[in-house]
Amino acid sequence: MTDNAGNHASTGPLLDRADERVKHEAGVGGALRAFLDRVRSGDLGSLPVIVGLIIIWTVFQSLNPVFLSANNLVNLLFDCSTVGVIALGVVCVLMVGEIDLSVGSVSGFSSALVGVLWVNQGWPVVLAIVAALIVGALIGGLYSFLFNRFGMPSFVSTLAGLLAVLGLQLYLLGSTGSINLPYGSPLVNFGQMLVMPYWVSYALAALAGLVIFLAGYRTAMRRKEAGLSSQSLASLVLRAVVLIVILEFLAFYMNTDRGVPWMFGLFVGLVIAMHYAMTRTKWGRSLNAVGGNREAARRAGINVRRVYASAFVLCSTLAAAGGIMAAARLASASQQAGTGDVNLNAIAAAVIGGTSLFGGRGSAYSALLGIIVIQSIASGLTLLDLSSSLRYMITGAVLAIAVIVDSLARRSRVSHGRA
Amino acid sequence: MTDNAGNHASTGPLLDRADERVKHEAGVGGALRAFLDRVRSGDLGSLPVIVGLIIIWTVFQSLNPVFLSANNLVNLLFDCSTVGVIALGVVCVLMVGEIDLSVGSVSGFSSALVGVLWVNQGWPVVLAIVAALIVGALIGGLYSFLFNRFGMPSFVSTLAGLLAVLGLQLYLLGSTGSINLPYGSPLVNFGQMLVMPYWVSYALAALAGLVIFLAGYRTAMRRKEAGLSSQSLASLVLRAVVLIVILEFLAFYMNTDRGVPWMFGLFVGLVIAMHYAMTRTKWGRSLNAVGGNREAARRAGINVRRVYASAFVLCSTLAAAGGIMAAARLASASQQAGTGDVNLNAIAAAVIGGTSLFGGRGSAYSALLGIIVIQSIASGLTLLDLSSSLRYMITGAVLAIAVIVDSLARRSRVSHGRA
Amino acid sequence: MAEIAKETAREHEAVLSLRGVSKNFGAVSALTDIDLDVHAGEVVALVGDNGAGKSTLVKVLAGVHQPTSGTITFKGKPVTLSDPSAALGLGIATVFQDLALCENLDVVANIFLGRELEPLRLDEVSMEIRAWTLLNELSARIPSVREPVASLSGGQRQTVAIARSLLLDPKVILLDEPTAALGVAQTAEVLDLIERVRDRGLGVVMISHNMEDVRAVADRIVVLRLGRNNGIFYPDASNQELVSAITGASDNSVSRRAGRRRAMQQNSEEARP
Amino acid sequence: MAEIAKETAREHEAVLSLRGVSKNFGAVSALTDIDLDVHAGEVVALVGDNGAGKSTLVKVLAGVHQPTSGTITFKGKPVTLSDPSAALGLGIATVFQDLALCENLDVVANIFLGRELEPLRLDEVSMEIRAWTLLNELSARIPSVREPVASLSGGQRQTVAIARSLLLDPKVILLDEPTAALGVAQTAEVLDLIERVRDRGLGVVMISHNMEDVRAVADRIVVLRLGRNNGIFYPDASNQELVSAITGASDNSVSRRAGRRRAMQQNSEEARP
Amino acid sequence: QESTVKDATIAFLMPDQASTRYEEHDHPGFVAEMSKLCPSCKVLYQNADANVSRQQQQFNSVISQGAKVIVIDPVDSTAAASLVKQAQAQGIKVIAYDRPIPSTPADFYVSFDNKEIGKMIATSLVEHLKAEKVPTEDVGVLEVNGSPTDAAAGLIRDGIHEGLADSGYKTLAEYDTPDWAPPKAQQWVSGQITRFGKKIVGVVAANDGTGGAAIAAFKAAGVNPVPPVTGNDATIAGLQLIISGDQYNTINKPSEIVAAAAAQVAIQLLEGKTPKADTTLFDTPSQLFKPTLITAENLKAEIIDKQVNGKPIQTAETLCTGRYAEGCKKLGITE
C-alpha cells in the first residue's frame, strides 16, 4: 500500500540483515566460509553431481587413457548435444509436474520429416527444419489440449503420443526405411564436424565470465544503493576469474583436437537461454509456481492452462529440434531414430541433473549436467571391451554411484531443514 | 479419552446422519438415486474406465466379429494375467508416490532364472520359482535400501536397476540365447491351457457374490446396532444378485470355449488379496497415508521406511512372478523377455486404471482394468490386418480415447469439489 | 440491532452484493441461499461456527469455486467469477485461510506471484525492497526473504499472504481468518491495517473466530450458520447474542464454560477469607 | 512473578525437561539454549512472537526435528527422540500447527492413523463410532467422517487433529495453537478438555497467541523471544507485562493500538452530549 | 601363416542382441582367426544393442582408440553410409559385415545374405507343404517378421515375400514383431488362430524366437499337430524344437567362417593388399557365404558332425537334454 521503497541507505543494519538470528559472512573469506557452511549443511546445488562426474571420469581415465583425450571429449560433446536438447525440453514439463514420454518418438518423427521434405521432396533445408519444429510444437499443443481440456494425465496422453508418432515416423519412412542426408550439406556438416574457430571459443569463454561479472556488479550496486546486503567486489571478481580460467582451459584443451563443436555451442546456448527464462522471467516464475502448487498459482491469477501449454509445446519443439540434430549427426533419418533409450535417457538426464519428477524443483542446467553424466558413462564403457551383458550391468552400477553423491547431499539438506 | 462407544441405538438421528446439510437416500430406490447423483457429480470410481472399455469392445467387435468370441476372450484372459500381475506390483509403488522402471527387466530376469535353474540345472520347478521370487524380492530390497538409506530417487535407482538386471538376464542366457521350457510340464500347462473345471468357475462366481453379501450384511448389522446408518437388506441382496448374474454369465460364456484359465484365476486372486490388503489392513492404510502425506504418516508414528520397503519388495516380487507366468505362457525364457514395452505397459495399466503417479490414490483393481484395456486394444488390432505404422497410430489413438472418458469424469469430480 | 451514526457517511450502493447464492459439494450443501452486501469503506465481519461455510463463501467471491446457483453483483453489474484471475481483474483481493502459497518459491516470489515487475527481466532488487517494506509494515520477523516459504513459521506465512493481497490496488479485500496464526503485535498491525484500508474507501470482508477482533474493526457482523444467513449484528451486540447466533443455541459450550468459570471464581473468592 | 497456591498439589519432578536445547537451520538459529520443564498435572503455555521458535521447540519434543545441541529428559531419564514414533512411544502426543493430516484419507482413517484397531482386519465400525464420539465431544460439525479430509474446513481439520491426539493414552500433550482455527464453541470445548486432561495428571504444553485463552488455562506461561527463553510468568501477570516480554519492547504496536483506541473512545465519548 | 602386420588395432562392431550369435559365434570366431594371423593385434569389440546413435558413438570411439580397420555390421545399413565416409576420409578401412551398406561403397563386404535367408526358409516351408500334399485352396500361411524398426528384418521380410510369391499359398496375415519380442508374436499368432483356425497350414517366422512363440501359440490353443513353423539363427532353443518335432526348419549361419574371412580381409587390407573378391555388390568387392537350411533331416550332419574351427557348432550334450533325448535318438544324434 505504501510506496516508500529505496533510500534506506542511511544508517542501521541493512534492510535484509535485521534479524539477529541469522549468521552472515562478508567479503571473500566470508564467502568461502559461507560456502563451507553450505557444504556442511548439504546445500550444494549441482556440486554433488559434478563430484559424481569427476569420480566417473577419474575411474574411466585410469582404465583407458583415451577417455580424457581431447578427441574423445569432442566426440562426447557432439553426442551430448542431441539428447541434451531433448532433455532440456523434458526439464520444462517436469517443472510443472508432468511428463512427456514421447520425446523420443517426436525426435525420430521430426528427423524423418526433415529427411522426407528436404531430401525426397526437395524443400529448402531451412523450410524443412521449420516445418518439423512446427509439427513438434503442434504435437505438444495436442498434449496440452488433452491435458487442459479433458484433464488427461500426461503420462497417458504422451504414451499414446509415443505410439502414434512412432507410427507416423514408420509411415513416413515406410517405403525407404531410412533416408540419407546429403553428406557435405550444411546441416550434416553442422552435426558432424563444424567446430568453432579457436578465437570464437576463447572469446565466448571470456565473454561468459565478463557477463557474469557485469550482471553481478550491477545488481550489487543497485542492492547497495537500496540498503540491501550485496556481494563484495572482490568475491565478484574472484568468481568471474575462476570461471574464465576454467572455461578458457576447456576451450584450449578442445582446441588441441578439432575444437568446440558448434552443435554443443547451440546446446549450451539453449541451456543458458532456458535458464534465463526459467529464473529471470515472469514465465519462469509461473512455471515454478504451477509446479510447486498449482492451486496457489491459479489463485494468484496465473493462467495455469497457458503455462502447461507452454511447457508441453516447448518440450515437443525441443524434442523435434533434438531429433533434427541427431539426424544431422548421423547424416541419416532412419526408422530407428528416437526409439530405444532416447526417451529414458532424456528423462533420466533431467532427473539425474536434479530436476524433480514432482514439479517445482529443477533447473535448465540439470539437462546439461545429466546428459554429460549419461554420455560419459556410455563413452567410457565403449572404450572398454565388454560384452553387452557386462556393459548393461556396469552402466547401471555407475549410474547409481554417480547419483548417490547427489542423493546423500540432498538427504543432509533435508536433515538440515532445507528441502 | 472417553469410552462410551456403542449403544447410541436409542432414538434421535443416527450418529452419522446428524448433519442436516447432507442429503441421504435410503433403500433400493434411494441407492439408485444416490448412484445417479454420483454419476452426475462425476464420482464414479472405475465406471468411466469400464465405459471406455465397452466403447473399445463395441468398435472392435463391429470390425471383426471374432473379437468377442469366447475363444479370443480366453486368449485375452491368458495374456492379461502376465503383465497384469506386474502392473499389480506397480500399483504398490505408485501408491507411495514412487516408481519402478525395472519391472520389465526383473520379470525377464526371473524367467531366465527359472529357465536356467529348472531346465539347465535340473532343480525342481517349485524351488526354481521360489528362488526367482526371492531374487525378485532382493532386488526390491536393494531399491528400498538405496531409497531409505541414501534418499536416491526411485526413478534413478530403478533405471539403474533396469540396466543392471537386463545385463544379468543377458549374462544368464548368454550362451544359449533362450531356453525352452518343456511342453507338458505343469508350469507350461498352467501358462498355456489349464482352465478351471466348469463347476469350479460357477462355484467361484457364486461364492464371490455370497461373500460380498455376507460381509455387507455383517457390517450392516453391526452398524445398525451401533446406531450408524447402514445399507438396507434389499440393496445388499440386489448388489449380490447382480454381481452373481454377471459373473455366472461370464463364466458360462468362457465355458462355451476352453473355460476360465487358472492363470487368470491366480491374477484375479492376487488382485482381490491386494485389494483387501490395501483397504482393510493397517499396512494398506499406511501405504495410503505415506503416499498421501509422507511427513504426516511419519508424525503419526508409522515406520515410513518399512512401508516404502514393503512397496518396493512387493513390486519386484510381483514383477518376478509375472515374469515366470510370462515364461510359462511362452514356454520359453528368452533374452527378449521383459524388454520392449513390458515396463511401459505395466505402468500404463496401473495409471489407466486410475492409480495416480503422485501417490496416495489408487486401487488394486486399477491393474485389472488397465491391463484389460491395454490388452483389448492389442488383441483387437491383431485381428485386423494392419501395417506396423498404422498399428502404432491406432493403438495410440484408441488408448487416448479409452482414457478420455475417465479423464472427463475425473474433471467433473474436481469441479464438484471431490478430487 | 442498533443503528450507527457513521452509516450516512458511507456510499449506499454496495460494491459487492450476493443474492441467493448456494453451493453444493456432492450431497453436502455448503451454502444455501446466501445474501450479502459489502459497501465501500465498510468492514463486514463474517462469523460462524466451524464448517458454517464462511471460507466457501469467500472462495465463491474469489472465483475459486463457482456457485451452484445465485447471482453476484459487482458495482451494480452482475458478474460471473469463472476463475480467480477474473476476480483479481475486478479488484477483489483475497487472503485465503489455507494461504495458498507456493512452498517452493521464496518470500519475494510469493508476494509478487502473478504480478512480477518487468516480465522479461524480473526486477529482483525492487521486488525485494518492496517485500521488506511490506513485511516491516506488518511487523513480520522473517529471517530472510530469499528462503523458500516452506521454511517459514505459520505466522510468517500468514504475514506473507497478507502482504501479497496488499500489492494490487484492490477495491475489495477478503480476509479469511487473517490473524489466526499471528502474534499479538502482528495482529494489532493487521487490525490497524484493516482500519486504514477501510478509511481509504475499500470494502473489507473479514472472517474471524475472535469476537474481540471482530468487534474492534467490524462495521457490520454477518452470521452464517450451517450454510445459511443467520442474522446481521452490529459491533455493539452483546457477546451472548453473537455466540448464540453462531452456535444456534443460547445454552452452548461457551456460556456453560463461562458459567462454570464464574462459579469457580466465586467459590474461590468465597473460600478466601 | 506471583506464587500460586495450587503449586504444592502438583508433583515436583518434571515429566519432561529440556536443558540448553538449540536448533539451527542452516545459517538460522531457530532455538538457542532453551530450558523448559513440564510437570504432571500442569498446563504450560508457550507464547512468543511469530517465528519465535515455538513450533520448532514442539517439533523437537515430538521427535520431528533433532536438536543441534542440548538434552531432553523424560521422567528423569535422558532420552533421544530420533523420530516421531520414539516420542509417541514415550507417551508424548502432539497436535501440530500444520496439522499433519493425510488429505487423501477420510476422517476416521486420519484419527486412527498408526493405531488402527485390528491390524489385519480393520474394525471400521468401532473406529467410526469412536471417531464420532470424539468429534461430538469436541462439538465438531462434520458432515461425514467418510469424506477425505481434503474436503473439510480449516476448523474441522483442526478438530480432527485434536481428536487424533486424544486417542492414545499420553503422558504429555503438546498442543501447537490448537484453537487457532476453531469457532467459539469448539474453542470452549478444547479449553475444557485441556483442564480435564490436566486434572487427570497429564502434562500439557499449549502454544497460543490468544492471551485470554492462555491465562484461562495455563498454570505457567513461558515466553520465547527470537529463539531464546524470555522469562516465565504466571496467569495473573498483566497483559502489558506479557506483551512486552513477547515483543521485547514496552512500546509496541499492541500498546500503541490500545492507546489509540482508548483515545478514540474518549474522543467520541467527549463528543457525545 | 602369420602376417607381417604387428600391433594394429582392429574394431569389430556388432549391431544387436536380438540373437546370441554375435557374442557366441561372430566375435569369438573373429578373435580366433585374428590371433592366428596377428597375435599382437588388438581387437576392439562393441555391440550397439540395436541403437543407431550408439553405434555411431562406438564407431567414433574406436577411431579415437586408433583402429585402422573397422569391421561393422550396421544397425541401419543406410545410415552407416556416413560412418564409412567419415572413416575413409581419415584413411581407415571399413569392412561391411553381414549387412551391406548400399549407398556408400565400403572397402569390402563379407556376409551371409539376409534376403536369401528369408527366401530359403519360405521356400523350404512351401516345398514341405507341397510334399505333404497340402492343398492350396482356402488355406494359407502366416508371416511373422522381425522388428519394424530393424533393417535386417526388412531384408528377411523381402526374402520371405519372394519365397512365398509364386507358391500358391496365400499369406493370410503378416506381422512386424516390435523389438522381435516373442510374447508379441505369440499374442498375434493366437489372434490369428482364433481368426483362421484350421486354415493356417504353416507359419514363416523370421527367427527362432518368434518361431518358438508361434509354436507356443498353437500349443496353447490346443492345435495338434502344430503346423510347420520356420525359424532362423539355429539357436539352441530352435534346434531343440526341431529335435522335438515342433519346429520345421531354421538357418545355420556358421558365423565363425564369415568372421574368419573378415579377419583375413582385415589383415590383407592392413598389409596394403587387395583381398580377393567373389563378386561385387553395391560397388563393393564382396565375398558371400551361403547359409545352410537346417531341418530334422540334416540337423545331425550340419550341426553336430560338421566341424568349424575344429569344433562342432553344437554338441549333442547341449542339445539332447531332458525331454529332447528321445528326439535325439530318433534323429540318430545320440544312441
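For clarity, chains are labelled A, B, C, D and E in written order, and residue numbers in each chain start from 1.
FYI, a residue touches a chain if its C-beta (ideal position, glycine included) is under 8 Å from a C-beta of that chain, and two chains touch if they have at least 3 such contacts.
Protein identities per chain, from UniProt: A, B = Xylose transport system permease protein XylH; C, D = Sugar ABC transporter ATP-binding protein.
These numbers were taken from a predicted model, which means no experiment stands behind them.
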For the pairs A-D and B-E, output the one whose chains share more C-beta pairs in contact. B-E
Please identify the chain with the largest separation between its CA centroid and the CA centroid of subunit D. E
Euclidean distance of C-alpha centroids - subunit D vs subunit E, Å: 75
Distance from subunit C to subunit A - Cα centre to Cα centre, in angstrom: 43
Between subunit B and subunit C, what's the gap in Å when you average each chain's C-alpha atoms? 46
Residue numbers in subunit B touching 2 or more other chains? 21-22, 170, 174, 387-389, 417-418
For subunit C, residue numbers touching 2 or more other chains are 25, 28, 141-144, 151, 226
At least two partner chains per residue is the criterion; list those residues in subunit E. 17, 23, 148
Taking all chains into account, which pairs touch? A-B, A-C, A-D, A-E, B-C, B-D, B-E, C-D
Please name which positions on subunit A make contact with subunit E in the complex. 64, 66, 69, 71-72, 75, 78-79, 82, 170, 176-180, 183, 188, 192, 326, 329-332, 334-337, 339-341, 378-379, 382-383, 385, 387-388, 391
What residues of subunit C sit close enough to touch subunit A in their complex? 62, 64, 83-85, 88-89, 94, 96, 100-105, 109, 113-116, 119-122, 124-126, 128-130, 132-133, 137, 141-146, 150-151, 164, 166, 193, 196-197
Along subunit A, where are the residues that touch subunit D in the complex? 20-24, 34, 37-38, 41, 43, 415-418
In the complex, the residues of subunit E that touch subunit A are 17, 23, 43-47, 49-54, 56-58, 60-62, 64-65, 75-76, 78-79, 81-82, 85-86, 103, 148-151, 154
Given the complex with subunit A, which residues does subunit B contribute to the contact? 97, 99, 101, 146, 150-153, 155-157, 159-171, 174, 344, 347-348, 351-352, 357-358, 387-397, 399-400, 403-404, 407-408, 410-411, 414
